[in-house]
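The first chain written gets the first letter, and so on, giving A, B, C and D; residue counts start at 1 in each chain.
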Amino acid sequence: MKMSVRLAGLEFASPVLAASGTWEFGLRFADVSNQLGGIVTKGITLEPRAGNPPPRIAECPGGIINSVGLENPGLATFVGHFLPRIGRLRCRVIVNVAGSRPGEYAELVERLAHPRVDAFELNVSCPNVREGGTAFGASPAAVERITRLCRRRTKKPLIVKLTANFVDPAETARAAEAGGADAVTVLNTLFGLALGPEGRPFLGGRTGGVSGPCLKPFALYCVDRVAPAIGIPVVACGGVMNGADAADFLSAGARLVQVGSASLADPQAPGRVARELATFCRARRLRDWDDLVGRTRREN
Amino acid sequence: MRPVAYPVLARRRLCPDVFLIELDAPGLAQRVKPGQFLNIRVGDGPDPLLRRPLSVCDADEGRVRLAFRVVGRGTALLARTRTGDRLDVLGPLGRPAPAPRNRNVLLVGGGIGIAPLLFTARRLATGNRVHAVLGARTREQLILRREFRALGTKPILTTDDGSLGFPGPVIEPAADAAAKLDRPLVFTCGPKPMLRALVRRLDPVPVWGFIEERMGCGTGICYCCALPRKGGGWVRFCADGPVVLLNEVAW
Amino acid sequence: MKMSVRLAGLEFASPVLAASGTWEFGLRFADVSNQLGGIVTKGITLEPRAGNPPPRIAECPGGIINSVGLENPGLATFVGHFLPRIGRLRCRVIVNVAGSRPGEYAELVERLAHPRVDAFELNVSCPNVREGGTAFGASPAAVERITRLCRRRTKKPLIVKLTANFVDPAETARAAEAGGADAVTVLNTLFGLALGPEGRPFLGGRTGGVSGPCLKPFALYCVDRVAPAIGIPVVACGGVMNGADAADFLSAGARLVQVGSASLADPQAPGRVARELATFCRARRLRDWDDLVGRTRREN
Amino acid sequence: MRPVAYPVLARRRLCPDVFLIELDAPGLAQRVKPGQFLNIRVGDGPDPLLRRPLSVCDADEGRVRLAFRVVGRGTALLARTRTGDRLDVLGPLGRPAPAPRNRNVLLVGGGIGIAPLLFTARRLATGNRVHAVLGARTREQLILRREFRALGTKPILTTDDGSLGFPGPVIEPAADAAAKLDRPLVFTCGPKPMLRALVRRLDPVPVWGFIEERMGCGTGICYCCALPRKGGGWVRFCADGPVVLLNEVAW
């Protein structure tokens, strides 16, 4: 079976992508990028962001809680320093962008009109920033507005990365579709709080976002709920550790699958997951993705 | 950079809560440099998710040694390793510490922070004059004394309870030692308060510290490690360290 | 330090309760009930409910997903058979009730006007039923209405058990307060989906609710968010395995703490947690609950 | 009912994927009855959360034996148990199987389902006539043959591949055996399809089955175990079983 898959007119060599924020800009492992469908970059903002003070990560049963807070070099350094090097990557490149005002998203996608950028992921779901982030992601109106503003400034595929924190992602997914999105990513981290021994918030950002295997049942629920609710494809994300997890998300209706926290335990995880998924499909003699995608809702 | 499972040749207890694990890892032993660390998988389910970073305590003749203190769940799991098991290791990670030639090197280690300095001492012993001040809470906790002596360094020892060597912290003996040396290059590892006090006391002597704060990936991709830099910003110490010039850190 | 705590005029010998659905009616372990502050019964409905077909439970990293679906003997059997025996319990008894229409809750609390019933927990948050459940819990208006209807029929304390599935529990908590609730429980299980090897939903109820340690960071976040938003006390629930977990929830602002899934691994868990919490408080020489409760938001 | 940690006296491999663990548990060995099970904690973190239910395979002289097949993560963790470890056990749980006197007892075991029947055979051997039909995929998988013989039962053996005893499933030999017995009392344990086929074939003979379906708490408090009962409703088989009259189950 052919492992490649199309989304918004782009061909991905595999449905497996490295998620935003857990593979930086892909340059440290550029040599294995050909094993992947693509990489989603760390979130980029207009200005450089320092992020939250340490500690930025805590463990929880079956996962982690992070409060990185969108530390990133900012648009100018990204364009001047990283983007030229990203040419080395032998997979699709999706740039994750985040704004603290709706107009910032539009400015970001416009100024990132570079041939090596294949698509954008609009991060309206970061739990670790004061402005924007989940505040946008929890409002269908804001999601639609941001998507529409970006749609006007770029022809490249727009993937809106949703949250399920205190909002039904099926609603915001419909809003993204109405705004002109080509796909939605389901989902970003879940709100979480970790306390230190003194009963005070442990993370430098006070609260954080939960990710990793413990998030998988909820993410799978959300993908299974969102996929039939919209006419555009779903990119799944949440707790994928291996090929079987990836297959589960495709079964639940996703077209692509991202690997996030698993890369912290093993930076080779995205490539490994892609290989394991291929083995999975071969072992089951699947003929094409339709044999797998959406099985949770199929009668036979 | 791929994880490799190395056979465990031995596991010893150095003191009640500190263990030493010896790996059969010829390639790694040759490649790894002082200051670098290994990121070790503990447990084998999805929990705990993160690896545990450990500095290389020693490496020679195809063997790599790690010494660690049991402080929580991950290190407790690691302490259960048995000879013959395999340890899933990612590394070597981080930048090697500066490797001087023909200098006076002063190593200042506190507690489990003594561990990575042994490997540093071994590699700097030829071509430099290596001095060491090693401290711990008690005589029992003052690990690796014999190994340091075997390298020809005659470490000055201190204990908080006075059960061996100078009574009290390493700071004053370290300052005395530094004062006697020409342009000393100081490497230190130990608890944060010790590192802070040492830098202040030795000021303006440059002090290279082995940072053992919490990290996520160890490979520079998650932005979860952040050491405040004087004048703003962070040092991503997993990739730009873990050995950093402490004088530039705003702790 | 005295371990007892008051809520809505009731004294609880310990802040630790057994949660609903994970200790049945307390009768199997009545001999250790004196170690607890109280027990919340399995959810009771007007009519007996068969619940969902098996399998009803799956494991996930750091937790479980259940789709019991409110199996219970119904009001009549509960009143006739279980309630008389519940007199044996040497702790507070809170009856968890669930309705598929708002009026049913009111009928339940009225017909449960029995001296051995100390309080009610209104379950507007079960993820495993078609009608009612999270459908009510996601709507502040429905939460307020149900609470108000019950308020008119009973003088006993009303605790509204909230969900955070696709709704901000601070909003529904305010609604419960407005409707006359004496406290809120934060929270019920999180939506989750588990797939079998064939990519089909594994649980008999198709989807389920996630609980256990993997839920703790999210539950803690919610308690820390809800407690300062309302004037009535919060009862915490989600992933409590030991005394330190219980202390974390009190730090985050809860007055009482429930132990749920932990009882599946060890039916003694609620009592053990209560003892561990007492040890925790003694070891830290706490003088009263104010030394602990709400520490996450305190300056010093 | 509190969990108790019992010392592990031995751990043996019965065949490639089946292990036997022997516990030093005098009180338990005396108290436990055939049909009851123990709920065992596997791992020691929060994951996996649930215990794993195992039937008592044998109990005598202060020892309790468990036999289990490695089928997933929990049983794989359990297989790592070493002599000298302690096993965290909750039990005995469930209702004892019926304990007849002066009857013809027929035990029909398939695969790992043979395990709980050994203890049943031991306890019913005095005062009843115990017959057994034991089957497995291969000769190697046909565990505990010697132990059954030692009890004086001469089990009829079957293997799917014909490598030992009758070739094929246990059903026909079991039916033949039952036909020869006066008012036989049948106890069976094995894979669901085998139990189903057996009940159908022996109909209307009452067949008591040891249910090994998925459960949550094992103590009757979570309502996660539910076996469909003929005519509607469920058997909560952890508390009202795990040995149930299969003729009443609507599988």
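Keep in mind that, in the parts below, a contact is a pair of C-beta atoms (placed from the backbone, for glycine too) under 8 Å apart; a residue touches a chain by one contact, two chains touch by 3 or more.
Just so you know, these numbers come straight off a predicted model, no measurement behind them.
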Of all the other chains, whose mean CA position lies farthest from chain A? D
Contact tally winner between A-B and B-C is A-B
Centroid from C-alpha atoms only, then distance chain A to chain B, rounded to Å. What do you get? 36
How far is the middle of chain A from the middle of chain C, if each middle is the mean of its Cα atoms, in Å? 34
Where chain A and chain D are represented by their mean Cα positions, the distance between them in whole Å: 47
Residues of chain D that touch two or more other chains sit at 45-48
Scan chain C for residues touching two or more other chains and write them down. 61-63, 212-214
Should the pattern of chain-chain touching be classed as line, ring, star, complete or other? complete
Chain A residues touching chain D in their complex are 61-62
In the complex, chain C residues that touch chain D: 21-24, 28-29, 42, 50-51, 53-57, 59, 61-64, 66, 68, 71, 212-214, 241, 261, 263-268
So, in the complex, the side of chain C touching chain A is made of residues 60-63, 65, 138, 164, 166-169, 190-195, 198-201, 207-208, 210, 212-214, 216-218, 220-222, 224, 239, 247-248, 251-252, 292, 295-296
In the complex, go through chain D and note every residue touching chain B. 43, 45-48, 73
Give every residue of chain B touching chain A within the complex, in rising order. 1-3, 41, 46-51, 90, 213-217, 219-228, 232-234
